[in-house]
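The structure appears right after this line, and notes come after that.
So that you can tell them apart, the chains are marked A, B and C in the order they are listed, and the count of residues begins at 1 in each.
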């Protein structure tokens, strides 16, 4: 059943340019995929490692800025990709080394400070980043000679990257390391007593998360052909966090759904609803208060509850309540 | 060679001395019970042994090996395991997965991001074995949330046992259990082979005394009485501490 | 020489304004253990309220007080009906304040439009005053005075009143405070309202200097964060010290290291967070 659903989903995704005729909407789909990669990467940290961060847009943006710098310096696509991702990994390592000194709220605050430093550099170090005017690139890359200038072509390229990200995430989640990461989220003290190196596990998870955020950032640069300090602002990190929390952190589908929700609200709904920011904030508040596990699990829960109302009640065996 | 030896162990938090010149020697295979009124520093002692707390002075030797300066996680690799007063299972997982995580802690696989955890047959078989040993294999795929407190307590101990420790530290394993559950846990502990040395902290005298061969009584961080079960039970100071307080 | 003097006086002024902004943030952080991410929005909301009051013909000072009260009421409502539902879940509370800040910012945009609105300096304080032989805008000097007055008032509240004693107790040890009979959840509402009100008041006071524009909230929030992290949360003295440190860092940084202006500001915050999480004076560890 699951395989069938997956196959259908893949088919739909692969043929998007055909059943969505309008290139505006194809671009929306591309954006959803790009931010889904970011959200999936962020979820490794927030959902699986249990480390909430408000500085992830910085890693996303550093990849974009590094990419733009390298492209404008005339480097070829391979160098650009490797350079941008290396820059992101280096930044991620620094972020991780500093942020992991704290836990919980301390961790968040350190990521905020780091994010603000990156934003400050983007905004004020004008010789490096062109400040508020941002950096633009003139063309998209052409891997293997195929042009990505059209909406369709870029969509498919993004889809390939997105599917790789999803694949990587699936492998990570099912792996022993993935289980270890989740263990450090649930019982860090116990994990140490069991022989795990909790700090190193978190550090590596952070790197994995940063890597995919960088990939998304590079895609973003190619899509937008422009990057500005706004890309690394606190609100951008907040939006990324919103995507993850709205969709739900426990599944792979969650961040994807969350990214779709936010992008659709931003791009599409904003044409019909003037106050999309307000609605987004409201949805966020509602989800945190009523559906803290996120939209996807929360909706599943509501769905099951609804179904249970329709089914006749089966006799329930008394179970021991867990006493906490 | 002793299994676990503490020499002149000291720990203070600011002005509060929680562990005061503690000397302790546990022989291999021994069943040692540590008792004392609340606040005596029993759990602190365990935390010092496992490395969660760093001692101010003194030495901890595990089968002759000095553990000072060795990180907590490494001590596990050297054959030390512990359980906690408050049950610390992994809440969202099944019992089998809990044990698997415990086994993974000592395996190089824990760094592997590429293979499927559920495909590691030998690991999963070992986990199953561990559950069989404690009589819980019928609940292997049950999520922790759907098990009883007594069952969870047994899983907690099974997780520590799965790592084949040389020294097992049990922190109040009978806390919160019903009479039946206590019998189950006691029989489980009693069936642990002698190649595992067990040190237990307990408050509940009835069950613990059945288990103990030698007893150490702690009070305000100091060892007050030590000896065989018979000796300690009759010792005047023991009665003083428990009844006089 | 003159440049440094001017910069210094401006730094003290900015410090004063930052104190007005951050005192509330510090109290909320100290008592409720959460960085209130709506604080920038409260500042901005207050500024907009002030603008409207002035447009309706009220005087500057009336508008400032009215805005403070209005935002305080708003804060009380948020705390009572949203934050209290999430009592104990600090991370959830932080995220909710984030969502609320989005909502408030958008409402302001809807109500007052996207163009910056300037606020006229109150007539009595227009013009310049001579200090050390140099002319400074009188209003800027007045801000220092206002900050001093509010600081004194807050100190009196904290040190001399029963409410203040309860707040200090709850900051030090909430569990113990409850045991002694202090209704901590009521305190939460009062302190949140007080903090919000101060921010709203500060928004109007800052109006003649900063004007009011969409994005003001995002400009002010990080500054409040730095002040409180550097100075320590829950500590009035810390907020004061932190405000002036940030005022100086900001102004001198802009002049001496224009490209690294924000780095100069946030790097100390980062260092403190990593090395000494409780800030320079604070008693709350993150």
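As a convention for this text, a residue touches a chain if its C-beta (ideal position, glycine included) is under 8 Å from a C-beta of that chain, and two chains touch if they have at least 3 such contacts.
Because the structure is predicted, anything quoted here is derived from the model rather than measured.
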Discussion item. Keeping to the contact definition above, tell me which chains border both subunit A and subunit B.
Written reply: none
Worksheet item: Which chain is most remote from subunit B in terms of Cα centres?
Response: C
Worksheet item: Once you find the CA centre of subunit A and the CA centre of subunit B, what distance in Å lies between them?
Response: 41
Discussion item. Can you work out the whole-Å distance between the CA centroids of subunit A and subunit C?
Written reply: 32
Item to complete: Averaged over CA atoms, how far is the centre of subunit B from the centre of subunit C? Could you give it in whole Å?
Response: 50
Worksheet item: Can you name the residues of subunit A that touch subunit B in the complex?
Response: 171-172, 174-180, 182-183, 186-187, 189-198, 201, 204, 208, 319-320, 322-323
Discussion item. Give the list of subunit C residues in touch with subunit A in this complex.
Written reply: 33-35, 82, 85-86, 89-92, 94-96, 98-103, 105-107, 109-110, 218, 221-222, 225, 229, 258-263, 265-267, 269-270, 273-274, 277, 285-286
Fill in: Interface residues, subunit B side, partner subunit A - complex
50, 52, 72-74, 76-77, 81-82, 84, 88-92, 97, 100-102, 104-107, 109-118, 120, 145-146, 148-149, 159, 163, 176
Item to complete: Report the residues of subunit A in contact with subunit C in the complex, numbered from low to high.
Response: 52, 98, 101-102, 104-106, 108-110, 112-114, 116-117, 119-121, 123-128, 233-235, 238, 241-242, 245, 274-278, 280-285, 288-289, 292
